[in-house]
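Both of the next two complexes hold chain A, though its partner changes from chain B to chain C.
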Partner chain A sequence: MSIDTAPGASANALDATSRVATRRDILHRLLMTLGPILAALIIAGCILLAVGVDPLAYYGYVLEKGLFSPLGIQQTLTRMAPLLFLAAGLIVAFRAGMWNLGGDGQFLLGAVMAAASAPVLVQVMPAWLALICAFLISMVVAMAWSLLPALLRAYQGVNEIITTLMMTFLGTSLANVLVKLVFRDPGTTVPQTRTLPVEDRLPRLFDTTITSGLVLGLAAIIIVHLVMTRTAFGLKLRIVGANPRAAVHAGLGVPGLTVAVFAISAGLAGLAGAVDIIGVQGNVRADWNPAYGLAVIPAVFLARMNGFAAIGFVFLLSVLSIGGESAARRLGVPNHFTLVLVSIVLIVLALAEYVDHRYNQSRKA
Partner chain B sequence: MSSLSSPLADKRDIVALEGVTKRFPGIVANDGIDLSIRPGEVHVLLGENGAGKSTLIGMLSGLQQPDEGRILVDGKPTPITSPRHALALGIGTVFQHMMLVPTLTVAENLLLGGPWWQRPRTEELEARVAEITRSLGISVKLHAKVSELSLGEQQQVEILRAMVRNSRLLILDESTSMLTPKGIEELGALMRRLVGQGLAIVFITHKLKEAAAFGDRISVLKLGRKVGEIPPERFRTLGEQEIISEIVELMFGKQKDDPEAAERPTRTVRADAAPLLQVADLAVAPTENAPGLSSISFDIRPGEILGVAGIDGNGQKQLAEALAGQRAATGGSVRLEGAAIEALSVGERRQRGLRYLTDDRLGEGTVGTFPVSINFFLKQVGASPFWRGGVEQRAEIDRRAAQLVREYDVRTPSLKTPVARLSGGNIQKVLLARELAEGARAVIFNKPTYGLDLANTLASRQRIRDTAARGLAVLLISTDLEELLSMCDRIAVIANGSLVGTVANADDARTKVGRLMIGLAA
Partner chain C sequence: MTGLFSEVFLGALLFGAVTAAIPLLLAGLGEQMSEKAGVLNIGIEGMMLAGAYLGFVGAFYSGSLWLGFLTGAAGGVAVALIMALLCVRIGLNQIVIGIALTLGLEGLTALLHHFQFSRSYPRLPAADATVIPLLSNIPVIGPAFFKHHLIVYVAVALVFAMGYVYRRTQLGLNLQAAGDKPAALDVAGIDVIRTRTIAVLTTGALAGLGGAYLANVGAGLFIPFITNGAGFLGIVLAMLARGRPVWVLFGALLFGVCLSLTTAMQVAGINIPTDIIQMLPFLAVMIMLVLFGRRASLPAALGIPYERGAR
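Up next is the complex of A and B:
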């Protein structure tokens, strides 16, 4: 065509402008994330004031315990290990447009299976092999737990939000039953599983109390990120997530991919349970349910399903939850106040997004 | 550009644009455009793919805001802040890409946007719709879910929706692209009637004959600038051929008399060659609002183009999807190069060399948020050399994508641009490039040139002819009879889910196809 030369000539100029634009974009994104978090902290502070707690003291405790004290930061980093696995699982599912909200059930079943198998296995095989086997068992059981929602969604189009939530209720109950009836340690009076000896657990990093599970978690989420962004498999999943009709049209085996997504997502949740038990807890007590699965969801959303950003938000979440636990003990605020804080952050973020959009519209008018 | 007291601002304009500029990252989509829209006039907007037509009406309908310049409504500068605001000002728009809610019924879609505290007035709507559809000569299934309708039917619903609102200014962006010649004539007659009643109409089309037949005033855009206008006084003095050649000169800068006057195919198909694509007794179950298929049978030999004519919504989509494997057939056989493929999956059929160019470019043809480069390879994910061992080869993908962009003249700011940001015609070029690339044995084209400008339409038709000449079997589904007559060896007519007849593309084909389409024997 006659205009063929134009795009070529201006290509360099375009590249330059687009680079400036991306930098401005990143800055804008940063502002749009940190601003609302600050606003949320202020709002939450007002709530604390209203219930008679000094917000500065509360935040001070949170920061001190969760971030600045040597012991606190080690606990925070240790807490990140299972959260990172859960976040990795959610990234796979959400990017493929599947809302696996059954993380807690899958997590607990993984934890119970690890607690049931690891102490037995270490007695019959080398510790490293035993731990690997325990990890695998947890993963497979959690995967199996996701099979029903996966098949229903893949072949019947049944909404997975409802089925995974229902399976999570069943899963937590089943985990409890298993602890109390099947895997109960006969040697203790409190209902709990047998305990993995400290020396057989995952090694700690250097001279700290930080679990090496943190490294596994980081590896998991980075691998997931790379698979989702750089590989054919990840692209297929993203196509299914972004436009399911285009996936069918392009000849992708959507049902098979759906089952795979659920299996990976649940498998990672199961590994999260295993890493928490094998790395830190050593056993599962009856009625134990930290509900990490639900807590991680906002972090993954805030990170817009980007693996690296998710690491940052999971860190923040850990600081809040470790620091929040201690601040709660000292100031008499309910432990769940961290959840209140996180939800306020989410709401303010959504509002900011809306206002930003309206502002963009009206600025041009 | 234009000073504030623009000479163009005329009392007769109900809407006027003054020096309107709109920029997108990497491109100036509209550049200092002046336009006057008057009651009683059909204002035709013409221009190549990506010239900026849809962007311009996006600003008129409140979807986007100009970066510079202003819009006058009834002589007063009025920022049109939202689609709702545009409707309140009396500006109704039929967009190029469907904007209906697929999970709602047609009636629900038509009632959307009413005040939330009122109960929807269904009876009133039905009466009004009946009146409009009668004058338009179309029929609309009010209680069908939008997702069950073909794109052509959805387009009719869109037109209806704009009409129901009693707009003073009606904007039609490529609304004739999926209508049959008869439908186009009816829409044209309706437009003339409406402007007769004092409405203003902005009409975008790529078919110059329509512009000459239905317009009063013509504006031509090129690369975002307005490069010419034929005002009504001059328009009336010119004949159709003069108008068309003037437009062609404005748009493409080269003279060509009646560019659409099509040359007949000169290829000869060897009659003794074994059929490449054989379909026998293909059947698909009907749904409540969409026809099924019953006993569809045809053969296509290598090098042959078989056309399928018919009003959109008569089973074309079902036929294409059943052949491609996207829709379950209830009976019959499909053979490609002698091998039965009816039990294979979509991907396996593609592997064997069956290609399907969908007419739903944003719904299923592309992933709108993905970059242009990836969209070229949506059907090859994982294949080398673009993926090696499952790992994406960025450089390889970009190299090939850049090549396709050049070859098919896709106008895009960059390979990374999300494909939905391209103009309609340019998205279509991405699809064409994807399906025509190597490895094909038989290709199903569903409205391949829909949304393409004249030059690209001609180029694409030539590409399809070349495809066939390489010994491929081509099934060409189109509502545009001219297109079928200019390309096919034989033309089958589909009505209500079955082929009612097939005619050889000889001199009397036009009449024969026409007779078949209205239910007479050829």
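Up next is the complex of A and C:
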């Protein structure tokens, strides 16, 4: 933060110092992000060494595939699309002080509804309209799935961590039931939904393989960020999050706002599912559960619920997961190592933030 | 359909229910203690996985189930130690660290399993049951409840022991205060950080034990992601129990019956997708919540790190 420039200095000097301060601030932020990541890579590298894998080769492959190869970076950017929607949904909920931990269930139901509706709809209407309808269906179903926890929290005070966790278990099972019994493609032996033809999926960006879902995801998270920080509605939600009792005294309709928060959060999670299916996967196989939500939750916290910072963390997660998959394949390490890597990165980043905070405090004192 | 209600079938169903319930019970009891002391322990899934893996390794190489339980509990404590250090001592965000620990242990145990056991998939011999005289002769109930490994009875005894600790001892009072008004506890001259650390480490031991039971007795082997959400179920149980260990036991049994029903139905050849049966316990609890709308009675300072002198 660069607000603590000395008052009373001449305008010119103030300008200069603040410019230096901002530059130092940016440099500082960059160091505080890259430093911990480097430290995390070293710690994870020790684990790789212990199981007899060359860490440099591993990280080389991660960077090559996840960041530097043209095909890899396109996959990374494609992977970001659903994660951005999920992060946007979590930002709304967390800023309003509501623990929507049911993202995975809402995501899967959204995905299944998109996979069920899109291939049917494209046959009866123009593709663009069909996709919009599929998106809307996914969103509405995911919203409906969050209605019960929302109402219980709003009118009965039932803790939403319990209810959303249970609804996510229920949603995961229900998604499987829907795939196996209701929307099963009769043309295949493996239980999966009908497949959306590639030409009907979301268009790709220019000449690349990047899904245009990325643009939608970026738009979603930036809009969410602006709504939460720049509008009266966002301010209301933040007041509810900061102190629900004070919000009641300020004349806010807390129950209504609670239901709205859950609806927005779940709707965005449902859209995340839809964008993954309509943009990339094309269908849902039975027992498919990428469990994106679990990694996005800590990332959103580390980003301090700031939309722009969340974009950065989501990018990092995508690089690690796409690069990790490739490195694991090439070196014969199970892909599970990616989980270890992500976990260490998250812990070290959290630690670094704490150390930085303490350092700033002791300097001020 | 006649086979469905036969004595043997019912006995096996209930036996399976108890076996499935014990890991949930231990996880729930552990989580309950953390939450009482004001720490929302989302890393419990990771602690269970560490317990399951190390418990299996201990039992497999030593040949002793008890040593396996010990190493399992130690594994859980090791993970809890990281949690206590990061979340209680220096007050990092409990949700970030909890989820990170769960992700990390999921990956780490799967990785170690891959390099150690993925070619052979070794199994442990079936666990010896401690048969309780007289009681085990009761039809249906006897073989279902009184022919388990000794650790099962220990786990059930723990329910009552913890009930006693919470209600009758200074430690129980301290734990409660650490979760409800840590500053008051501090003023009373009792170290909040220490109280919470004790709670988190106990959680680790219980969760680790639960994981070890799951691998060593329940499955007889370790497979990656073996806990499959049991830790999260533990969190749900602890929150529903509102601080009472007995309710954790009831909840665990309810979930245990449903889990056991899944396998039993398959054995009986009834063709309902397992996904539907798996939904039953969650449906039951959601219906209960809708009907009775149990207001959450969670500790006031749950999830908030305690920093001395901070306002």
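The rule is short, and it goes like this: the second predicted complex is superposed on the first by the 314 of 365 C-alpha atoms of A that agree within 3 Å, B and C clash if a C-alpha of one lies under 4 Å from a C-alpha of the other, contacts with A are read in each partner's own complex, and residues count from 1 in each chain.
What we mean here is this: a residue touches a chain if its C-beta (ideal position, glycine included) is under 8 Å from a C-beta of that chain, and two chains touch if they have at least 3 such contacts.
As the structure is a prediction and not an experimental result, all values here were calculated from the model.
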item: Which superposed partner A:295 touches (first chain B, second chain C, both, neither); value: second
item: Partner chain in contact with A:188 - chain B first, chain C second, else both or neither; value: neither
item: Touching partner for A:251 - first (chain B), second (chain C), both, neither; value: first
item: First, second, both or neither for A:174, with chain B first and chain C second; value: second
item: Which superposed partner A:239 touches (first chain B, second chain C, both, neither); value: first
item: Touching partner for A:209 - first (chain B), second (chain C), both, neither; value: neither
item: Superposed model, chain A: greater residue contact from chain B or chain C; value: C
item: Chain B and chain C footprints on chain A, overlapping residues; value: none
item: Residue numbers on chain C that touch chain A, as the complex places them; value: 40, 86, 90-93, 95-97, 99-108, 110-112, 114-115, 224, 229, 232-233, 235-236, 239-240, 273, 275-276, 278-279, 282-283, 285-286, 289-290, 293-296, 298
item: Contact set on chain A toward chain C in their complex; value: 47, 51-52, 99, 148, 152, 155-159, 161-163, 165-167, 169-170, 173-174, 176-177, 180-181, 294-295, 297-298, 301-302, 333-334, 336-344, 346-347, 350-351, 354
item: Residues on chain B engaged by chain A in the complex (per definition of touch); value: 25-26, 64-67, 79, 81-82, 223, 252-253, 324-326, 345-350, 356, 358, 363-370, 374, 378-379, 381-382, 387, 390-392, 406, 409, 411, 413-414, 455
item: Partner chain B, residues of chain A touching it in the complex; value: 1-4, 6-7, 11, 14-15, 17-18, 21, 230-233, 235-236, 238-239, 242-243, 245-246, 248-253, 361-362, 364-365
